[in-house]
Amino acid sequence: MTALLLENVNKSFGEVHVLKDINLEVADREFIVFVGPSGCGKSTLLRVIAGLEDATSGRVTINGRDVTRTPPAKRGISMVFQSYALYPHLDVEGNMALGLRQAGEDRGVIAERIAAAAKMLSLEPYLKRRPAELSGGQRQRVAIGRAIVRKPDLFLFDEPLSNLDAALRMATRVEIAQLHRNLGASMIYVTHDQTEAMTLADRIVVLRDGRIEQVGSPMALYNDPANQFVAGFLGAPSMNFLAAGPLGAPGAVLGVRPEYLSVSATGAIQGRVAHVERLGGDTNLLVTTRAEETVTVRLFGQHDHRVGEEIGLDFDRARTLSFDAEGKRLRA
Amino acid sequence: MHKARHNPLNSLAAHAALLTWTAVALFPVVVILVNSFKTRKAIFREPLALPDADSFSLVGYQTVLKQGDFFLYFQNSMIVTVVSLFFVLLFGAMAAFALSEYRFRGNTLMGLYLALGIMIPIRIGTVAILDLMVQTGLVNTLWALILVYTAQGLPLAVFILSEFMRQVSDDLKNAGRIDGLSEYTIFFRLVLPLVRPAMATVAVFNMIPIWNDLWFPLILAPGEATKTLTLGSQVFIGQFVTDWNAVLSALSLAILPVLILYVVFSRQLIRGITSGAVK
Amino acid sequence: QDVTLTIESWRNDDLSIWQDQIIPAFEAANPGIKVQFTPSAPAEYNAVLNSKLDAGTAGDLITCRPFDASLALYDGGKLADLSDLAAMVNFSDVAKSAWQTDDGAHTFCVPMASVIHGFIYNKNAFAELGIEVPTTEAEFFAALDKIKEDGTYIPMAMGTNDQWEAATMGYNNIGPNYWKGEDGRLALIKGEASLTDEAWVAPYRQLAKWGAYLGDGYEAQTYPDSQNLFTLGRAAIYPAGSWEISGFNAQADFEMGAFNPPVANAGDECYISDHTDIAIGLNAASPNAEAARTFLNWVGSAEFASLYANALPGFFSLNSAPVAMQDPLAQEIVSWRDKCHSTIRSTYQILSRGTPNLETETWNASVNVIKGTETPEAAGARLQEGLASWYEPQK
Amino acid sequence: MATRSRTHVVVFLAPAVLVYTAVMIWPLFNTLRLALYTAGEEGRVFVGLANFATLFGDPRWSGAFWNALGNNFWFFFIHMLVQNPIGIVLAAILSHPRLRFAALYRSAIFIPTILSFVIVGFAWKLILSPIWGIAPSMLDAVGLKSLFAPWLGREGSALTTLALISVWQFVGIPMMLIYAALLSIPEEILEAGEIDGITGWAAFWRIKLPLILPSIGIISILTFVGNFNAFDLIYAAQGALAGPDFSTDILGTFLYRTFFGFQLQLGDPHMGSAIATAMFAIILAGVCVYLFAIQTRMRRYQF
Amino acid sequence: MTALLLENVNKSFGEVHVLKDINLEVADREFIVFVGPSGCGKSTLLRVIAGLEDATSGRVTINGRDVTRTPPAKRGISMVFQSYALYPHLDVEGNMALGLRQAGEDRGVIAERIAAAAKMLSLEPYLKRRPAELSGGQRQRVAIGRAIVRKPDLFLFDEPLSNLDAALRMATRVEIAQLHRNLGASMIYVTHDQTEAMTLADRIVVLRDGRIEQVGSPMALYNDPANQFVAGFLGAPSMNFLAAGPLGAPGAVLGVRPEYLSVSATGAIQGRVAHVERLGGDTNLLVTTRAEETVTVRLFGQHDHRVGEEIGLDFDRARTLSFDAEGKRLRA
């Protein structure tokens, strides 16, 4: 079944056309991640799905029901905000209960659901605390808890981890993945973070300037991007683009991921090391080629290259991608 | 501590400046309070002296307290002040919420309309207001006063509260919407509790003119049963009055309640005002 | 079913006298009628009363200011015509003049009291300094000089901060001697005299000399300041209105005497300002007109006259029936009626109907003259010009 | 959410708008309307702008009006020049992060603001009274007796004295508002300044002051509206005649005297309304100048 | 020469002892990075060096001069704040000039220095703009520019990149490295970000709870941590710690970096794949061992492991580290 169906959704704020003909189908239990540069319309799209903004045109269907004119509360969704948006004057329990109480749920049912959510999120010791008395990670979990207790068909997350520090972010990422597995609900997740997108998504939706550029599984997008934008956007360090001139079709651009380059004295590309980043687990070389292009090489493990060193780089032709001058993928 | 950064001389100067102004601010109040406990002669001979065994006298307070039913007046003032504040805050907050939260045609115009009131002294509308109260049969009831003070307090309340409400996070209100809260519940359960400090600010700013007003009680509710404290004590502040014991005592008595009300609201006021929204 | 009558008044000082003496006396004699006295501050009385009358919420009985303020209310239909009230026969035409239409055809308030101007002095101080009570201007200024020289007392307690003090206790106190009381006043109204005439400028000339005898900083001295200065025994002479008597009796712990405004030369006729000040009328919209008339008849009775005059010494009855008063100071002052000619304040009737308002201008001129910021002649000229600008007979 | 029901907006606005319109705007409008009429033989007569012609054309009226307006500007000027700078300085001192007893000072300085005008007028009249002698004897104590004068009674000094009393009473308001604005300047910006060597007064002039300019703008316009509506203090201290010799007459007292009458002068609601209309126009003009000429040019900073 | 010398620096806020006996020597032109968990005292230490806080005890020497009692402006330092702390009312030029003007520098000198800094940071087109009109990355550069013009001996950075988005952060990181090379000043840099710490630092200082845990070059800390805390703190995904029982000394803990584990059917550790994170360039496997420990394996490139799969893991004994029960490194 389709959890969510967007048909020709458009959204304008006055003059500004922010979302352009969005079509998307999200399957049941699917985990969808929206990525794209800042301002491309990710949050807006999420808010249109939530019903916090009305689409200018187009149709939103959730679980087979047309909700285009339905208020947020009746759409069977939950949303977790970047700022958590916890009710500061209510304790953790109150935060989770408010929506249910409003809906007139039975007291017993409310208590039960809160208990279950608190257990799942290890929030039991904090039920009586207010948001101000919680750490960032705990607040994050409360926000998720508030979403869970409503038992929605569709979860919406708008950059839920961006306020957390690195370590916590990693841990919470794993928790969210588990949650998805346990709850069996569909999720739509907006993020800026490569790693989150790659690791959490069943499918990634790449947005750019209010349009969907490509939709697909993380590996499909990584290995088989539809265009130069998607290719460059995914992967860190990002893909090297070389004027293909000497190596391929004239006018075309050749894309090589940094990890597909290898050091070899006789390599096709000759250059000198401009900068070395030693990350412990791997090493990035920034190499300035003869053609004055900068190429990033990613090597696994620790390596002894030094700045200024002349090196040659080789790569597997089979693993390169070509793009035309407009950035469209040229398929062999 | 902080030796590299802070010069003790500066802090001394700061305290000196603040102490000076504090003295200036409190001096007149102290003069009134101190002299209200003295005999008439002592008030004139040595206005700055503290009352001693000789000059101590409560005659002023006795005069004042036997002049009228001060307890009743006090109660009336309390009711009028508190109920008016309640309506100013409630209606003002509701209107401020509408103006700050919803984009609708005429929003700016409505904001301007609600601000007109601070530009014309409401006193000149007295006759029309009295007419209105006569027609509605509210003359000589506390409701007449409450209505006038509510109307009079609304412009400033809307102005201040809408500034504050703009600062309540949109995400929070949206979270409420997704949780299924109605717009009313969002207002009462989420927004109101969060702007409490601003409400205290508005309360303090409105409380003073309401409590101290002489004009409307005189015109709208001069009856014995509805007299306010300020009106009740004006007997001593009239033109033909030389009984300074009574005057000073009445003034001292009039300072106290506002002072107490102020203390009640002031912690919230500081918080409200320092949360930086009246900018 | 009792009827309750409400009285509007500016006399909040008299609240307890009404509550404790006057009202019980009336209620005892008139079962079924209750009376409430609800005064407001004098400064706001006119504004408040007008607002209430316009809206129909004013009390049944209205305390009447003299002349135009009440006349305007009558003309506006707010005050009932009381010409036919039985008690009116108890009052002379002069007594009623302040509350009649200009042609004297209709009377709309029952006169209650007049106040007399003069000087109250500290008897102890006079005795100490060996000063005789002055009867002529020369003696008056000699006395002032003597007090000033001695330095124990401020010669005269008066301030200009409140303005009206200078005009009422100053100009209108000493003026009638110059403009010959009613003669001068009526001539002015008829347009036969002018404010630039010597009779009207001379009082300013005397006032101009007063400045030297007033206390330090008299410019900022308020009316209560003046009262306190005198009752605390720091000043020797107080240019007074008779309404001060009861307050002064309560506060001063020395003996007081009074003298009428000194005349220019010994043996001259003396004139005093015996100003019809307060009356009481009937709200035309009162639903209790019957009971109110009963009350007004009582106010016009000899019983009330005696009650009121003794409760408030210094408010002298206007009733034709003689009133016996206990207070010696009040007796002294009222005795001037016998030796001098009475008149009312010059500006109150008719002459203050337009803008600029002659009364207000007189306040202003009196203060200026005392302070020396305007010469008496210039003050007279300015007032005359203002009056002529709207008052036909003076054009 | 353009397409959904909007009844709640109406519900939220209705109580305030109803009460405000019925009890404030309608009566005020009704009164201002009187400016176009005058009292004739048979009640009210429509005279168009004749009252305004009188107000500005008749030298007696216009003299009083311009006098009041001029005094009002002086009154406002003193507030701007004394009250607001003192408020800013006090706030600047108070906002010092490690100052002790700050809450105490703040409350004490705010106390005059909550007193009624009657009390303020009375207290200061007593203190400045040459008779009662507090001010003279205090000046005497520091050997400056010669400086004393009956300030409230002199034409030259009465208005300024009253303005200063008003400053004394209301300095708490700009202080609180500026204090709030100062506290909202992020600590890091001040620290960046400290590292740049900008401390103490330099920090105040070069960093804090420019950042609180918008608040100062708001305070100025509030002061303007407040001052041009002022009435009570002058009335409480000097009476409706605003003595000596009208030297403390401001628009508020002029309006009161005209509208409600005074002593023997009868109230004239028609001329009174004309004055009120003129006042309203002046205040509105001031507010508009602020809104359109000043505020739009002033930058507000989001930290 | 030593650019900075900290001797027994202690700092308490009231009761709270935040910095405990800090001793540190920073050489001229050195790039030092402070890392450590949130709240460990990194910012406080930086602020003590800057003079924004006074040390409770101890001595701070900058360039051979005891500055313990010197106000910040006289210490010869510049600081870049996390929030940039630009003066919002001044344009870019004004922001850079304010400090110099205050110091009474010559107009010509000021203009010259600003021009140089603007050139170096490519800020020339923006000199007349105010901070509100700049993008995050540009603001960041202005903050750095403001620090540069003062020609300090020592730069202090407090998480300068944490408000930037991923792409910008990467670019600016490289810029800062270049800046360091060009300016030849000493720099002290606080960060939460692994990659920044590893790539920028000459030496990393690891703080924990107000104490210095270890100081050393990035690779030294990565490969040769003094204790379990440092070992676990550096590296992402972080080091696996296994109860060494079956494999080594009893009671000890064995540390293995995820990239040193390899999949081999006959491996010493047997377990099943609990989660697979496919990042495109590399793949992380979360493996639950028989001993119910979770082990992270980092594989270069893309691999086809599936959740639930039983696998064996092998590792190079030489590359493991041992720690005692207190977390202290046990050296062979």
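Going by the order they are written in, the chains are A, B, C, D and E; count residues from 1 in each one.
The rule is short, and it goes like this: a residue touches a chain if its C-beta (ideal position, glycine included) is under 8 Å from a C-beta of that chain, and two chains touch if they have at least 3 such contacts.
Chains and their UniProt names: A, E = ABC transporter ATP-binding protein; B = Carbohydrate ABC transporter permease; D = Sugar ABC transporter permease.
Keep in mind it's a predicted model, so treat the numbers as computed, not measured.
**Student:** If we define chain centres by averaging CA atoms, which chain lands farthest from subunit E? Would you check?
**Tutor:** C
**Student:** Which two chains have the most C-beta pairs in contact?
**Tutor:** B-D
**Student:** For subunit A, which other chain has the most distant CA centre?
**Tutor:** C
**Student:** What angle, rounded to the nearest 5°, describes the rotation that places the Cα atoms of subunit A on subunit E?
**Tutor:** 180
**Student:** Between subunit C and subunit D, what's the gap in Å when you average each chain's C-alpha atoms?
**Tutor:** The separation of the two C-alpha centroids amounts to 37 Å.
**Student:** Using mean CA coordinates as chain centres, what's the subunit B-subunit C distance in Å?
**Tutor:** Centre separation, subunit B to subunit C: 39 Å.
**Student:** Can you check how far apart subunit A and subunit B are, centre to centre, with Cα atoms defining each centre and the answer in Å?
**Tutor:** 53
**Student:** Subunit C: which residues touch two or more other chains?
**Tutor:** As it turns out, subunit C has residues touching two or more other chains at 43, 51, 228.
**Student:** Which residues belonging to subunit B are in contact with no fewer than two other chains?
**Tutor:** 2, 5, 44, 126-127, 182, 214, 234, 237
**Student:** Could you check subunit A for residues that touch two or more other chains and list them?
**Tutor:** 71 - these are the residues of subunit A that touch more than one other chain.
**Student:** Per the contact definition, I'd like the list of subunit A residues that touch subunit E in the complex.
**Tutor:** The contact residues of subunit A facing subunit E are 38, 165-167, 170, 174, 177, 192-195, 198-199, 218-219, 222-223, 234-238, 257-259, 275, 277-282, 284, 286, 298, 300-302.
**Student:** Where on subunit B does subunit C make contact in their complex?
**Tutor:** Per the stated touch rule, the residues are 40-41, 44, 67, 126-127, 130-131, 133-134, 139-140, 214-215, 218-219, 222-224, 234-235, 237-242, 244.
**Student:** Could you list, by residue number, the parts of subunit B that touch subunit D in their complex?
**Tutor:** Contact set of subunit B toward subunit D: 2, 5-6, 10-11, 14-15, 17-18, 21-22, 24-29, 31-32, 44, 47-48, 87, 90-92, 94-95, 97-99, 102, 104, 110, 113-114, 116-129, 132, 147-148, 150-152, 154-155, 158, 182-184, 187, 204, 207-208, 211-212, 214, 230, 234, 237, 247, 251, 254-255, 258-259, 262, 266, 269-270, 273-279.
**Student:** Spell out the part of subunit C that touches subunit B in their complex, as residue ranges.
**Tutor:** 12-13, 15-16, 36, 38-44, 48, 51-52, 54-57, 223-224, 227-228, 231-232, 243, 247, 251
**Student:** Would you tell me which residues of subunit D are touching subunit C in their complex?
**Tutor:** Checking each residue of subunit D against subunit C gives 60-61, 125, 128-132, 136, 148-155, 238-241, 243-246, 256, 260-267.
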